[in-house]
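Chain nomenclature is as follows: A, B, C and D, assigned in order of appearance, with residue numbering initiated at 1 for each chain independently.
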Amino acid sequence: MADFTLREMMTVVASREIHDGDIVFCGTGISMLAAMAAKHISAPESIIFFETGAIDAQLEEVPMAVSDSRVMLGAAMHGSLSEAFAFMQNPNTGSKVVGILGAAQCDLYGNLNSTVIGDYANPDIRFPGSGGACDVSSFVRRTIVFMQLEKRRFVPRLDYMTSPGWLKGYTSRTAAGLSQGGPSVVITDKAVFRFDEITRKMYLDGCFPDVSRQEVLDNMGFKVDVTREKPVAPPHACELEILRSRCDPQRLILGPS
Amino acid sequence: MADFTLREMMTVVASREIHDGDIVFCGTGISMLAAMAAKHISAPESIIFFETGAIDAQLEEVPMAVSDSRVMLGAAMHGSLSEAFAFMQNPNTGSKVVGILGAAQCDLYGNLNSTVIGDYANPDIRFPGSGGACDVSSFVRRTIVFMQLEKRRFVPRLDYMTSPGWLKGYTSRTAAGLSQGGPSVVITDKAVFRFDEITRKMYLDGCFPDVSRQEVLDNMGFKVDVTREKPVAPPHACELEILRSRCDPQRLILGPS
Amino acid sequence: MSLDHAISRFVHDGCHLSIGGFTVNRNPMAAVYEIIRQKKRGIHLYAHSNGQGVDELIGGGCVDRLEIAYAGNGRFAPTCVRFRKAVESGELVVEDYSNFQMSLRFTAGAMGLPFLPVKSGIESDIANQWGFKPAARRSDEKIPDLKLCIIDNPFGRWADTTRLVLVPAIEPDVSIIHAQTADSSGTVRIDGLAFTDIEQAKAARHVIVTCETIVDTRQLRKQPERNQLPFFCVDAVVHLPMGAYPTACYGHYDYDPGYLNDYRNYAQNDEHHRNYLDRYIFKTKDHAAFISLQPLHRLNKIKADPDTGYATGLNRL
Amino acid sequence: MSLDHAISRFVHDGCHLSIGGFTVNRNPMAAVYEIIRQKKRGIHLYAHSNGQGVDELIGGGCVDRLEIAYAGNGRFAPTCVRFRKAVESGELVVEDYSNFQMSLRFTAGAMGLPFLPVKSGIESDIANQWGFKPAARRSDEKIPDLKLCIIDNPFGRWADTTRLVLVPAIEPDVSIIHAQTADSSGTVRIDGLAFTDIEQAKAARHVIVTCETIVDTRQLRKQPERNQLPFFCVDAVVHLPMGAYPTACYGHYDYDPGYLNDYRNYAQNDEHHRNYLDRYIFKTKDHAAFISLQPLHRLNKIKADPDTGYATGLNRL
C-alpha cells in the first residue's frame, strides 16, 4: 500500500463520488482539489463549475479561492454570480450538479453550520458564513460533505443551520419545499458516512485503513448505524501520482506530505 | 417659410421635446427619427436607447426596426432586453428617460391602445400589441405620444388599455402604484396637446400652421380645453436640412416628400 | 446533427416552443421553415417581439396558441400579416404581455423560479384581459392557472413601491436560437445584441442552436467573456450558413428588404400565400435549396460590411 | 476625478456602501485604503463574498454594520481576521445572507424592484436569525422592515415550487468597483469574471469606478458586447493602476501572496495591526505612495502572463 496523508485519502475518496457528466460545484480548498482529481483520474467528462461564474474551468494551476484568476483561463464561459447560481436553481441543469461543501458542524441529517459557534448575535466563534453553501445545498441533486471527524463538529444540534441537509429526516426536506436532492456522503479524515434512503439518518459506510470503528464513534457527538460498514479502499498509486503531480504540485491544498 | 410635409413637422416638433442628458427610448419609425433629429440638431448630449439593449447607438443609417443591426454599431454597450427595461424601471436611470410612443387609440388622459379594436377575444382589428410600450409608460419620467389626429383614434373610451397614461386623472396614476412620470405631450399631424398639471386632462397646446382649431376639434372624439392654445412654430430650414440629409436621406420613414 | 433530424427529434405536434431573435434580426428562420416543411401542428408558441419567424409559423399552420408581446416586423409589416389574419379569424388564441414581462418570464424559467416581479402591467388590460380562460388554464398543466397576479409590496414601501405584478415562468419544451458561432459541443457566442435568446434557451428543456460557423472549442475559450451559453444547456448544434435569412445576422448579412416586402405581399392574399409556401418551403428539401431559390444579386447586396456588421447603403425601400 | 476627491465627495460617515470584487480578486483596494485614510466612520457595508476589502475596512474602524454572505479570503484567511474579531467582540453587527441572495438583492436594486424571489434560505437560520432586530429596522428607513419573507407560490405548484424566499433590494448610497478598462465618460469593460460588480453599480445612487487603463471612447465602442456598464450609471472614473492590489486584476496582475500572508499576521495582533494601518495607510498620501512601499521584486513576480491572465508559476505558499 502506498504511503499517503489523510488529506490525500479524503481527496481521492471524494473524487470517486464524481462521474462523467456531473457538473461539480466547487468551493475553496480540498473540494476544488477533489474535483480536479476526478477530472484527471476517473471522470474526464465531468465539468468543474464555480459560483463565481467560471464554467468548465481548465485549471492549469490550482486556484486559491473560487475567484482566483486561475478559474477564468479557458473556461467555456464567464457568467455573473447570479447566472451561476441560477444554473443550480434551474432543475434542467441543477439536476446534473454535484455540490461539495465543508462546514464547522454537521448533524445526524447532514444539516450544516458554517456561520457561528454560540449565539448568533453574540458568537463564541465566527466563521465566514454561507457563501454559496446554503444555495447549493438547497438546489442541487446531491452534495458531498467534507468534515474533520471531531466530537465538537459532529453534534446532535447545530448552533446555527447554514445549509439544509435532510432536515429532520424522512420526507421533511421536500415537505419544506426544498429540492429532492440532499447530502449523499460525508467524507472525513477517518471514515465515510452515507444517508439511509428512508430515514435520511447518517450511517457509517466505512472506516479508513487502520482506523477502528470505535475510534470513529468516539469522535462523534451522536450515534449512527454501523451495520453497513465496509472497508474504504485506499488511494491507488496512480491516483496519488496524478493528485500530487498534476493537481497540486505546490501542495497548496494538500499541505505537508 | 420652408416647404415641409406633416411627417417632417411632427418629427421636428417631437425633437424639440428632447434635451441634453435625456435618455430617449425609441420605438420603430417616426419616434426613432425624432430622436435622431434631436441628437443632430438641438440635443447632441441626448442618448438614444433601444429596448433591444443598444445604448447610445450611433446610427449612421436609420434603422427599420429596433432590432436592426444598425442600432448595434458603435453603441456604448449591448445589453439584453431585460437589462434594457431594468434601466427604465430603476428610478436612478429611469428618471432620465423620455419615452416616445405611438398608438392606435388615445383617450383624454393619454392612456393608449396598441393591441386591438373591438373585443380582445374576438377583435375587429388586431395590432401588434404592447411591445415595450406598457413598460415604458409605466416606468419613465415622461412620454411623448405620436398619433394621427382622427376621431376613431382620439376616443372617449379605449377598446383596450395597453399603456397606462394618467389613468383617470388627478393622482390616480400614483395611487395605483405607477411611477410619477406620465405622458407629457401628444404630437399629431395637425396639433400638439399637453396635460394639465392638476387634472391631468389633455388640453390643446397649439395647432400646426394653416390648421384651424375647429379642424382639430372635428377630428377628436372627446372635448379638450382650448384656452391655452398658442401657435406651433414650423420647422426651421436648418432643422429640415438636417432631418432630410443626415437622418433619413432614403426617406424610409419620412415617406414621399 | 442535421436540421431535419433535430426538428423531428425535439419539435413535436402540440409542443411548447420558443424561438429567438427580434423582428427582422437573427430569427432562426431555417428552423422555422423546417418546422413548416415537416407540417408540425398545434404548437404553443412563445416569443417577445419575434416578427418574421412567428408570422411564418402561423402562416404555415403550425401554431394554435401564442404568448407574445409584439407581432410586428418593423417597416415591412407594422402588424404581422398572417398573425393578424389568424387572430381576427379566431384561428389563433393569443395571450398578450409586454416585452419586459415576456423577457422576465423567460428569465424566471432560466432561473428555475415560478415567477418574477415587475412594476409594469398595473392598470393595463394586459392584467385584465386573459387570452386563455381560467377553466382552460386549470385543465392544462402546461399553462399556469393565473396569467399573472398583482400583490402589495410585502416590504412595505421599500424601493418606493406599493404594488407589483408577478408574471409566471415559461419553461418551453424546446427553444431554438440562431447564433453566429458555436463549437460542436454547443458553447454559443452571439455577436451584437443577444435579445432574450439566452434566457429563452436556459428556460427550455431542450435547446437547438443553429449557427453560421462552427469553430474549434479552443478558439471560443480564448475569450470566455464573449460566450453566453455553455455546452451543457444545448441538445443539438446545427451548422447552417444563412440560417437567419431573410432576417439579419449581425456581422454576416442584413435582412433582405426584397424578400420581406415580397413576403408581406404574398401574406396579404391567401392564395398567393399558399403558392409561396408551396414554392419556397414545401418544394425545397432543405435550407440550402431554399436559399438557392433567392436571386443571387439580392443575396450579394445583403452581405455585411465587416466594419459596420450590416450592408452599408443597402436600398431598403 | 482624483480618488481622494471622489471618496470625499461620495462616501460620507454613516453612508450605505457597496464594494465589488470577490475574496482575492478585483477588490477596489485603492478606494478601500482611501476610505480608511479619510477616517470615514459608521459605514453600513454590503458585499457578497468580498474578502480583503471588507476586512480592511472593518480593521480600519470604518464599518458599524455589515450585510454579507461570506467573509473569508481563500487560503489566506479561511475566516477574515479583523471581521472575526469585530463580530466576536460585538463591535460589528452582521446580517447574513447566502451568496445568491446577496447577488439577487443587488440585482433587485439594479432592476428597481423591492425584492426578488429565490428558492434558497428555506429552513436555514439565514431566515430565522436576524442581525438587525425588528425595532431597529422599523426606526431606520434605510433598512427594510423585514430581513426577508417566505411566501407560498401564488401560482400553485408552477415550476414545481411550493414556497419561496423573497429577499429585499439593496440600494447603496454609493458603490465602488475596480475595472480593467473604462473611458473618461464612465463606460466600463471588465475582463474575466465580473462577479456581481455590475449589479452592485446599477443598484447604487452613486458609482465610483477605478480602473487600470482609461481608453478612448471609440476603442470601447468597437465591441459594445464586451462593455458592461454605460456611462450614464457612473459618477466618477478614477485612473488607478494597481488599484486592486494586493488583490488580483485578471490580465494585469495576480494577488500578492506575500502581502496577504503578512496582512493576516498583522491582523491577528491588535498592536501589529495598528502599526500596519499607520505605516501602509495613514502615512501614505495616496495609492501610488502605498504601492511604492511594496518590495519591487514582489510586484514584479505578480505581473500577469499575457497568455493566462495571472502570474504563471507564482509561489503562492
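What we mean here is this: contacts are C-beta pairs under 8 Å (C-beta built on N, C-alpha and C of every residue); 3 or more make two chains touch, one makes a residue touch a chain.
All figures in this text were calculated on a predicted structure; none of them were measured in a lab.
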Between chain A and chain B, the fewest touch steps amount to 2
Using the touch rule from the top, work out which pair, A-C or A-D, shares more C-beta pairs. A-D
State, to the nearest whole Å, the distance from the C-alpha centre of chain B to the C-alpha centre of chain D. 41
Inter-centroid spacing, chain D versus chain A (mean Cα positions, whole Å): 27
Listed in rising order, chain C residues that touch 2 or more other chains are 109, 112-113, 118-119, 161, 164, 192, 225
Can you pull out the residues of chain B that are in contact with at least two other chains? 54, 72, 78, 89, 91, 139
With chains as vertices joined when they touch, what's the shape: line, ring, star, complete or other? other
Listing every touching pair of chains gives A-C, A-D, B-C, B-D, C-D
Touch list for chain D against partner chain C, complex: 108-109, 112-119, 144-146, 149, 151, 153-156, 158-159, 161, 164, 166, 168-169, 171, 191-192, 225-226
State the interface residues of chain A toward chain C in the complex, per the touch definition above. 23, 47, 54-56, 58, 72, 74-78, 86-87, 89-94, 96, 139
What residues of chain D sit close enough to touch chain A in their complex? 21-26, 48-49, 51, 68-76, 78-80, 83-84, 87-88, 90, 94, 96-101, 103-104, 107, 118-126, 129, 131, 160-164, 192-196, 198-199, 248, 250, 254-255, 304, 308-310, 312-313, 315-317
Chain A residues touching chain D - in the complex, by the definition given at the top: 28-29, 51-54, 60-61, 64-73, 78, 80-82, 85, 89, 91, 115, 120-135, 137-139, 160-164, 167, 176-179, 250, 252-253
Chain A partner contacts - residues on chain C that touch it in the complex: 109-113, 187, 202-205, 218, 220-222, 224-225, 227-233
